[in-house]
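Both of the next two complexes hold subunit A, though its partner changes from subunit B to subunit C.
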Partner chain A sequence: MLTRSTTLLVAALLAATLTACGTNAAPTTTGGGTGPKSGGTLVLGENADEPACLDPHQLSTTNTTVVGRPIFDSLLRQDADGTLKPWLASAWQVSADGLTYTFTLREGVRFHDGSAWDAEALKLNLEHMRAPATKSPLAAAYIAPYEDAKVVDERTLEVRLASPYSAFLNVLAQSYLAMISPKQLKEDPASTCEHPVGSGPFVFDAWAKGQGITYRRNPDYAWGPTRTGPAHLERLEIRFLAEDATRYNALLAGEVDVIDNTPPASVEDVKANPALAFTSLDRPGHPFSVWLNTGRAPFSDVKVRQALTRAVDRKAIIDSVSFGRWTVATGFLTPSTPDHADAGGLAHDPAEAARLLDEAGWREKGADGIRVKDGERLTATALDTGVNPQNTQILVQTQAAAAKAGIEIKIENVPAQVSSERTAKGDFDVSVGIWTTNTADVLWIQYASGNITTSERRGQNTTRLDDDKLDDLLERARASTDAAGRAAIYGEAQARLLGLAPAIPLYDRPSLVSSSTKVHGLTWDHAYGAVTFQDAWVS
Partner chain B sequence: MTTLRFIGWRLLAGAGVLWGAATLTFLVVHFTPGDPAEAVVGGEGAAPTPEVLAQVRAEYGLDLPWYQQYAAHLWRIVRGDFGTSYRLHTPVTQAIGEQAAATVELALAGAATGLTLAVAVALATARRRRWLRGLASAAELVAASTPTFWLGIVLLTVFSFGLRLFPATGGQGPASLVLPALCLALPIAGVLGHVLRESLEEVLDEPFIVSARARGLGDAAVRVRHALRHAMTPLVTMTGYWVGALLGGAVVTETLFTRQGIGRLLVSAVNAKDLPVVLGVVLLSALVYVVVNLVVDLLYLAIDPRLKEAA
Partner chain C sequence: MKRAGVYAAAAVLAVLVLAALAPELFTAQDPLAVDSGGTLRPPSAGHPLGTDENGRDVLARIVHGTRTSLLLGFGAVAVALVFGGLLGLAAGLGNRLVEGVVMRLSDVGMAFPELLLALVVITVAGGGTSNAVLAIGVAGIPNYARLVRAQTLAIRRSGYVEAAHALGLSAPRVILRHVLPNAVKPVLVLATVGVGTALVAGSALSFLGLGTPPPEPEWGSMLSTARNFISRAWWYGVFPGAAITLTVISVTVVGRALRLRSEGRAW
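Moving on to the complex of A and B:
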């Protein structure tokens, strides 16, 4: 539908494009003494991963942080070094048994609908995350130990947990657990998807589904994590551009000012272009990995898993797939995750791989080089949905490396739904995946034996690892209330995982952000590794 | 009376088509692999708790036997209630309503462009020199057999990324409609142009054309005023084809050019096993088909009264 206002918008955009072309010819130098400029519109090009709903408690998609952070604030904020800082909570205390969390709330915070931020508001938000009616795909699981909360006074909430959960504060810093207006939750909870109301630096304006979201500045914002005072930008717009080439070219043409998910192949071109700038941040959590099903042969044998890990030249695969853009994983947590421990033992070592396979009894080799034991071939089935071409390349290159070591991997192409179902049932040997979160508790999510999917319970332990020692470490870390002690336990757990080799950690997935040089002040949400705009401005 | 009876029968048959479409859609979505509750709150990066999965199953009746679910969906639709989207948590009528205008705009622009191109090329090349007809015919063949996806990428690369004449993304006013409309129009123009030229060449051999020329009419006037009207009949017959091509092409075009639209809505609904939305979109498309075909058949009766007796 063409209205007068859209025609005006076109005119404005054309003008903006022409201006952008002008600056392309003579790139402005940054840091030239002029301070941030107030006003203007910034347009971000995102990939096609558009949320189905804008209520953060009802979301699990990767883009939740980029799309939701302008509108929503969180209780705590995570720093670049992983420490947790006050945000909507000004202070907090944890009881010695790790079961009671007392939050003191910041004063003077108001939501976009004018409602006040207080203890009742925090309680309503926690209840909303947990309520089955909310149908939360992630937040509910992240606060699973939440039992109830008591309003001590207007500024103080006492939260009680059913079991100690040391990651509680960490996950509260993620945008999936951000704070929604208490007025909206009480009076019109059905509207949170379509008309999200938060307390953030931008107010939700409009959402053209399948196309983009627009936001306008919140003039009253004075509780930013890094700076007090409202955002510099007058307006913010996010467009969902499915094709990599379209997104990159839209940036070149000045149709958008910033793009997220820069195609790895284009990063060198962005860096070489004087009119563009590039920045990236590795996300916290579990690195992107090749999962090995430890619940059935051949990967039920730890030696075969260790052998495959050593047979694969991880750096060569990652460099070729990402054009050198991704960092090779060093262990089972990415370095940007709190309690990450430096480890080794993931070196490419084909000789050691061969020795391990010999030891495991796979000594003979067939005519095609595949190892044989008691007349049986060393063969495994990998599931590939074909949705992500990079994942397919990774599987194909892993297949080639495995074949050299005498392990046959058959890649089966299946629809996403089938892959998800077979993975849950354990009907596979090899698959790939990643889990982004800002706590080492991701190891409990992925490897605790209680998280193996059964007929009663859906869990995230894809590799079906069942190790008593590891279970004990992960439970103890969850119960720990002292930071140093917790880090030490997680260190042990990470070392244990290197030995158990339930997966081949491949790379730390980064956010790859490119922007026009007229864009300044882009910041990161370190709790997820996503670009944010509360300090951004356009010159 | 006979016309009214004809319309009555056709409407009854139309209702049968809608019921068939709904049934087939339900069976396909229901019996393809994948747990619908998982599709709604699961997927990559999700960790639904048992309570949340139970809530989804109970709320959407996913724990009932398939025939009960089928009956519930059908009964709701018969009463005019298209339900609420599992994925978007909004009424299906609203979800489709938000996207319909963009698809209608694209389809109309595509149809108009395709028809204009077809008519212009056919008029200019029918009964002309051999090489010119050959050239047009080859171009039509290429246009008709090029996959929409690839055609769209070529258009983007040349006119948007290369020459920077049009924006690459949708929703930015008339300029952003040009490339998607062309992408949709070219394959249709290829087929229609070819059919129209054949038909024009036949008509140009008719005695009334000779008499028109004998009256001293110029070539252009003969083609446009006399031959074209007669030659258009096969295009009316092919209405079903190009309505289908427009709807099918919209899915790819909308995705490629980041436009809003029913096509994109349908794709994401199918992926998420969002049955109310899938049923809504399928029924809407089937309804468009039924109505368009009925109108075309009535048009025939108006164009050619001999058919009235046959009916």
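Moving on to the complex of A and C:
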């Protein structure tokens, strides 16, 4: 029977793959001999990537975990070593065919509005994720194989999937699939956006859009992932500080106690400052990459894509942009992702780039060094919102490397909304992005041809890659119920992607968190690589 | 003593114009040459003003950015001056309906801060240098339209215009020979001040990422990017900032001198 033992096997495998992934230690700065102090307020400075709504099921924003974790708990939690541990579910069983998941729920959990956590509540949440009215950009895709659920008794829910889906348990540990109050979902689901009600260590207090969110302690909290009992902090506040320099200076001035997204340029200064502490965690998923639109010329030609990949000195760019804080990506999954395979084959090789372009027919060169074929210039358009200075830097340096190889990249400055629309329509050649998730299924989301945006459905296959062999591999890995077999298929898929070169994987973006030494007990949400506060206290 | 300042300002402007026309005279370096291994280097013999976050020569980028930055300043004023002037003239000389329409439109335009109006134009037309020029220019139109109209009204009722009419001169001739030349002086004064403001506005648009797209050098966008590295690389922000300041001061000083001179006062 494939039951908990499967889970344990997966866990063991995960542990094996994850031991190599570096900075996994929680960012705890244990000071002095005094124990945790109760009370007080902690202020976090976050970047301006503010969610438009606080219903986690409606979000795909990077900061969802940081902003939502205080309010919401998940069914499972992911450990530092990748193991899935009980949280709101106390146990689970998977049927041999991988189609039925039976969850046993934790007792005694109450939401902030007093409603009880039971099988009905879990079912309501799963239904809410996929309800068309929720317009879920992420949770719905993550539980796409969900068919229906049967309430066996108050504490037991039997979830049926339409097809086996190996990543199901992993994604359930992510904050995008966290559990909302059943009362709220039944009575007024739309209100979750503005007044989210969960079961987490903090109760939502107020949200001043464009400025920040405040939370207060949930005194009844006794089901924390690492500790029973309510949070030490009386209040928690998250402030959105757009400018890198402003955020860093706010920490220096003591206006905030912790900052997320520490500017890479300031990390050295933080480390050298005795009043500050620094910590980081590698995020799982797809590395930060330069996406190439394979749906139109010039990047519809795989040789041109391979050429650009080889023309770019990724290490030089990443080192200069991050001041050595980021590690260069080794493939299409970051090392902290389950089933990551180190395939190599992304070496900087300008000679090979030139050879590939010659082979693709771009032999002649114009006066400015840009290659020409049949009177047409080898030119591509990149979209940049200018919001993130590091992204612009990466584009500019990629542009310079491409120009040396004879590929012209024009950078267009567009507002975020336009960028998102044009990317969905395929009206671009180059863009940059990252996809953080705790399963290799990210490859299916990003590269399966079924996820290309059509007029009916918005998919997340930005590069519009359409490869039968890869589709088959990703579907098989998805349906695999055998962990070792799945890892092998994902290994093949990653190797195939290196050949198809739909993107240039650049770096594994870590979470860079800096804090005042007064702050203790910061923890991580390992399913996403985000800082959490349920055990934090201020001395 | 005062004149020395004016001459110095004029000299700065001459150098700027020369840099805009022939940047190669001032630097041999390529403003677009990226060097990932040599980013944010302090001033040295090889890079007199240091390098930026992409290892590009800051001096070369300032020099090569002169053309775009001046174009933003002077181009935007030219747009505002021409269209504002024509509208103001029409309002001043036309019938009630024309005057009403032009003035109410300019009221609406003036109700918005100039930069906000420019942002609206950019949002509709898209980013880029030429659109930035257009955007800042359009935002400045109401000011010029008002000034020219007020001047036109005053001149229209003046004795010499009445005399010209009495002499039987045609309306276009009266407008071109008598009204326009006399209305233009205060407008030119506004324009010299305007060049400075437009340059700063252009820098602000680039600063917001809506002006000149990368990798083209432009002072405002340089300053904008530099602020992220200010604690590590002071040279990156200080020099483009100094270039903007120096230009605005020079234009203002020269503009003031020209105005005083046109009024027959000592400068």
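A few remarks follow.
Note that in this section the second predicted complex is superposed on the first by the 495 of 539 C-alpha atoms of A that agree within 3 Å, B and C clash if a C-alpha of one lies under 4 Å from a C-alpha of the other, contacts with A are read in each partner's own complex, and residues count from 1 in each chain.
Keep in mind that, in the parts below, contacts are C-beta pairs under 8 Å (C-beta built on N, C-alpha and C of every residue); 3 or more make two chains touch, one makes a residue touch a chain.
Please read all numbers here as calculations on a predicted model, not as lab measurements.
By the touch criterion defined above, A:245 reaches both subunit B and subunit C. Set against each other, subunit B and subunit C touch different numbers of residues in subunit A, with B touching more. In the overlay built on the shared chain, the residue A:389 is in contact with subunit C alone; subunit B does not reach it. Legend: residue contacts after superposition of the two complexes on their common chain; A:114 is shown touching neither subunit B nor subunit C. Of the two partner chains, subunit B is the only one touched by A:53; subunit C is not. In the superposition on chain A, A:485 contacts neither subunit B nor subunit C. Of the two partner chains, neither subunit B nor subunit C is touched by A:366. When both complexes are overlaid on chain A, the residue A:400 reaches subunit C alone and has no touch with subunit B. In the superposition on chain A, A:415 makes contact with both subunit B and subunit C. Shared contact residues of subunit A with subunit B and subunit C: 243, 245, 415. On subunit A, the positions that touch subunit C within their shared complex are 243-245, 248, 263, 265-266, 269, 313, 316-317, 319-321, 384-387, 389, 392-393, 395-397, 399-401, 410-415.
Across the complex, subunit A meets subunit B through its residues 1-2, 6-7, 9-10, 13-14, 48, 52-53, 58, 60-62, 132-138, 140-142, 144, 190, 193-194, 208-212, 239-243, 245-246, 249-250, 252-253, 255, 415-418, 420-421, 433, 435-436, 445, 456-458, 460. Residues 32-35, 38-56, 59, 87-90, 95, 98-99, 101-102, 105, 153, 156-157, 160-161, 164, 167-175, 254-256, 258-261, 264-265, 268, 271-273 of subunit B are the ones that touch subunit A when the two sit in their complex.
By the touch criterion stated above, subunit C contacts subunit A in their complex at residues 32-34, 36-37, 39, 53-55, 123, 126-128, 208-210, 213-215, 225, 227-232.
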